[in-house]
Amino acid sequence: MIAGGLARQWYVACRSAHLRQRPLARTVMGVPLTLFRTSAGPAALLDRCPHRNVPLSMGRCSDDLLECRYHGWTFNGSGDCVRIPGLDGSTVPGGRTGVESFAALEDRGWIWVCPTAGPAPPRPAVTWPTGDGYSQVYRSMVFEATVQAALENTLDVPHTAFVHRGLFRGGGRAPMAIDVTVRHLDGGVEAVFEGESRPAGAIGRMLARREAVVEHADRFLLPSIAQVEYRLDRQHVVITSCFTPISNARTALHAVASFHTTMPAAVVRALVTPLAEVVLRQDARILQAQSRNVERFGGPRPTNTRIDVLAGPIGRLRRQMDRGEPASGDGEQRLVLYT
Amino acid sequence: MIAGGLARQWYVACRSAHLRQRPLARTVMGVPLTLFRTSAGPAALLDRCPHRNVPLSMGRCSDDLLECRYHGWTFNGSGDCVRIPGLDGSTVPGGRTGVESFAALEDRGWIWVCPTAGPAPPRPAVTWPTGDGYSQVYRSMVFEATVQAALENTLDVPHTAFVHRGLFRGGGRAPMAIDVTVRHLDGGVEAVFEGESRPAGAIGRMLARREAVVEHADRFLLPSIAQVEYRLDRQHVVITSCFTPISNARTALHAVASFHTTMPAAVVRALVTPLAEVVLRQDARILQAQSRNVERFGGPRPTNTRIDVLAGPIGRLRRQMDRGEPASGDGEQRLVLYT
Amino acid sequence: MIAGGLARQWYVACRSAHLRQRPLARTVMGVPLTLFRTSAGPAALLDRCPHRNVPLSMGRCSDDLLECRYHGWTFNGSGDCVRIPGLDGSTVPGGRTGVESFAALEDRGWIWVCPTAGPAPPRPAVTWPTGDGYSQVYRSMVFEATVQAALENTLDVPHTAFVHRGLFRGGGRAPMAIDVTVRHLDGGVEAVFEGESRPAGAIGRMLARREAVVEHADRFLLPSIAQVEYRLDRQHVVITSCFTPISNARTALHAVASFHTTMPAAVVRALVTPLAEVVLRQDARILQAQSRNVERFGGPRPTNTRIDVLAGPIGRLRRQMDRGEPASGDGEQRLVLYT
């Protein structure tokens, strides 16, 4: 796994609602972790009891403590061993009985962890609209793909006409020219699309009048967040996709869609949720096929054209962060995309 | 995989009848290919889109072209990229957008490919009787075995009494001496068996009178074809088995049985087809067991006796072809086999 | 696999009752074997026909001989090839047609083998009571675990309160101090537990009065045998667990419980058998989790405390046997365990 600056960042480990009384096992950048709750907040420990090496995530929690399933060794949220059953209770040998702990926090519906020991990084900065009239839908999924491939997929316009044919774009009409502007952000990069008419396909027809003008921006935010924003008619949708590398070949997606629409939120939710499910499965299938083919051919060998607007900057910004270099930008770029 | 002269040969990739409107994925000697039809004949491209590396075999065909499932990059039968949706249609960047193509042809019921780029080899020379009164039955199957093990199995007489006990030979009677003559052919080797009486077992009883005299020849033809020919009474059967290496451990069989019998073809077909199925499954099972045991023991370590008449020549002829050396023969050999 | 002195020992390959007319395949210390019966006793051959390398265990036995499934090569219990069908029966080429044979014997309900060729070791010395009033129950199982981990599990008292909560110990009462004495045996080590009251939980309640005093000893015997002995009230139970390394990561357990109780044997059998099944499955599950976690973390990194009384001696005695060194002991040790 990548082991430089990218490993000293916050990643979403799971939804808040999924971490309850029982510990959870989650792997982040190749580091197997067990997550559990304490009164001081979520805790993340290395998922291996130092005694006989079984996963601590098989154990049980009570009183802010996690007890190993095999011999009952018991740990607090900092990874200190506070009880070894069978030994005189007052005596806990030092040092080698503790387990490594990792920074963890709960924020906006998710449990975040940093998979490198040491001081915690600054709180995650990504935001989305949560004010009056906005509703949120959360969704998590695992892709058999690298983070880079998953980010490119999420922030790519042309694939929607093929992978999601009939849902977004690709209704058979003549291609339409769209102006694209690529701008660097602080810790990211953004592509703004202008001149796009209402998307063809089911989702577009549901959300807007035929003559509606679309405002559309795709953003990449370090370390591995994709944000897609649409305004059309009086609708506003921001989809924030936080990708968590599990291993080099598997990536978890934790996404939240925040929307403000003229239709009641419950109606949008009921209509969009099953469509979003279809879209995510179509993406998961193509990413898996890509991943297996890359493995079969012994490595990726992509070809970029000028319309793969964010693929290059995503790779460069992530490599720079991993090496501890400052983020570099190319200045504003303009191009035309046909869709 | 073997990568010398053996890779510059024609191999059967699939049956003609199985390649229709949708592209097919087939791997030949470790090379993943996508096959599709054009008006100029079958086409075989490397099964990886140069853009994002997904398998082209997931795509769809129309107008002699193959369109990638992910972003719609479109290729002709020579592997040239002729359309990149999203880019101005008139502009296709050179060079790196194309995909490697391989020689392919359609012949006598099969699609053949050569898994090495470059000039196509001479057309496949193997023949079988197709004239008046002859009928053909085709069958394809995948074995978990090396090509060498599959060829030896197909051209081996003694195993029939054990693996196929009761179907061909091995009916409990006393062993019978058969004269075997081994002769070199142009690009192959042949064993002719004389003095064999009607095979015991169901298939024999079905085809001939008890006192019928059998004429039987087993042939190996480069690169990896096995041909078994029987004449008994007024029946004539030629089974041609073309083996295609998928990987070192998997081999596809594409077989055609051509027969001329006193019984109506439909009757023979109805009787022989299920029996052939049983025979092929018995062989597949023993080859899989052999293959797994060889892997478990870290490699093959065969022992040959003088009755393994074709095993040695098959290996030697294939190694000579792979190294580009002329085929050498041992002159005619005679021996006695008990069966 | 370990390949020194530990490989020149007897290991249980299977139950006597399971080796009947058909050959059995069993792997011991990475050596694939086929077992079959002859009138001179059980035979163990390397599970690979020298001809085409298929497993001999697919074959069939008759008249003290084993016949290969593929071409019928036939072997006696010493591994000599005595028949090659197809060759003139009187002629069997020397040397390379035979297969390696291994020492095998049948003793007290089990077939034992030594996975190293050469002179057989002295007969297995382990014993258990079989006299008047004693009954035996046999059980075999495969664990995904190393022999060391399986031995530690079987001879470990503290885990019973957690892995088998409610069945043996761990009924919620205050911990009780038990005196433990660790003594070296000839070719082993023993821990004797004194002051233990009747175990809490179902099995304890079934077997003894509340005020019963428990005599309890745990023994390790080279090369890989664990023996647990309980006396309480007038009950006497000796559980002998013979572990057979299949590979580094898999271990077979062949256990016999010998018991003398005040209740009728049939009643004890009916009550204890399903409970033992539950206990073994709980142990199998935790051992599998340990094994997979150790693999995921790239190797074991255990921490021992003074109450892991037998873990250290087991490892040391086994390493000494493997290197051919004499067994060393530490003299008698005393400690207190809370349970």
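We call the chains A, B and C, going by the order they appear; numbering starts again at 1 in every chain.
Note that a contact is a pair of C-beta atoms (placed from the backbone, for glycine too) under 8 Å apart; a residue touches a chain by one contact, two chains touch by 3 or more.
What you are looking at is a predicted structure, and each value in this text was computed from that prediction instead of being measured.
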| item | value |
| --- | --- |
| Contacts common to subunit A and subunit B (chain labels) | C |
| Copies subunit C and subunit A - interface residue numbers shared by over half, same or different | different |
| Between subunit A and subunit C, centroid-to-centroid distance (C-alpha), Å | 48 |
| Multi-chain contact residues (two or more partners), subunit C | none |
| Touching residues (chain side subunit B, partner subunit C) in the complex | 149, 152, 156-159, 161-163, 175, 286, 289-290, 293-294, 296-297, 300-303, 305-307, 336-339 |
| Contact footprint of subunit A on subunit B as seen in their complex | 32, 47-48, 50-55, 58, 67-72, 84-89, 93, 96-97 |
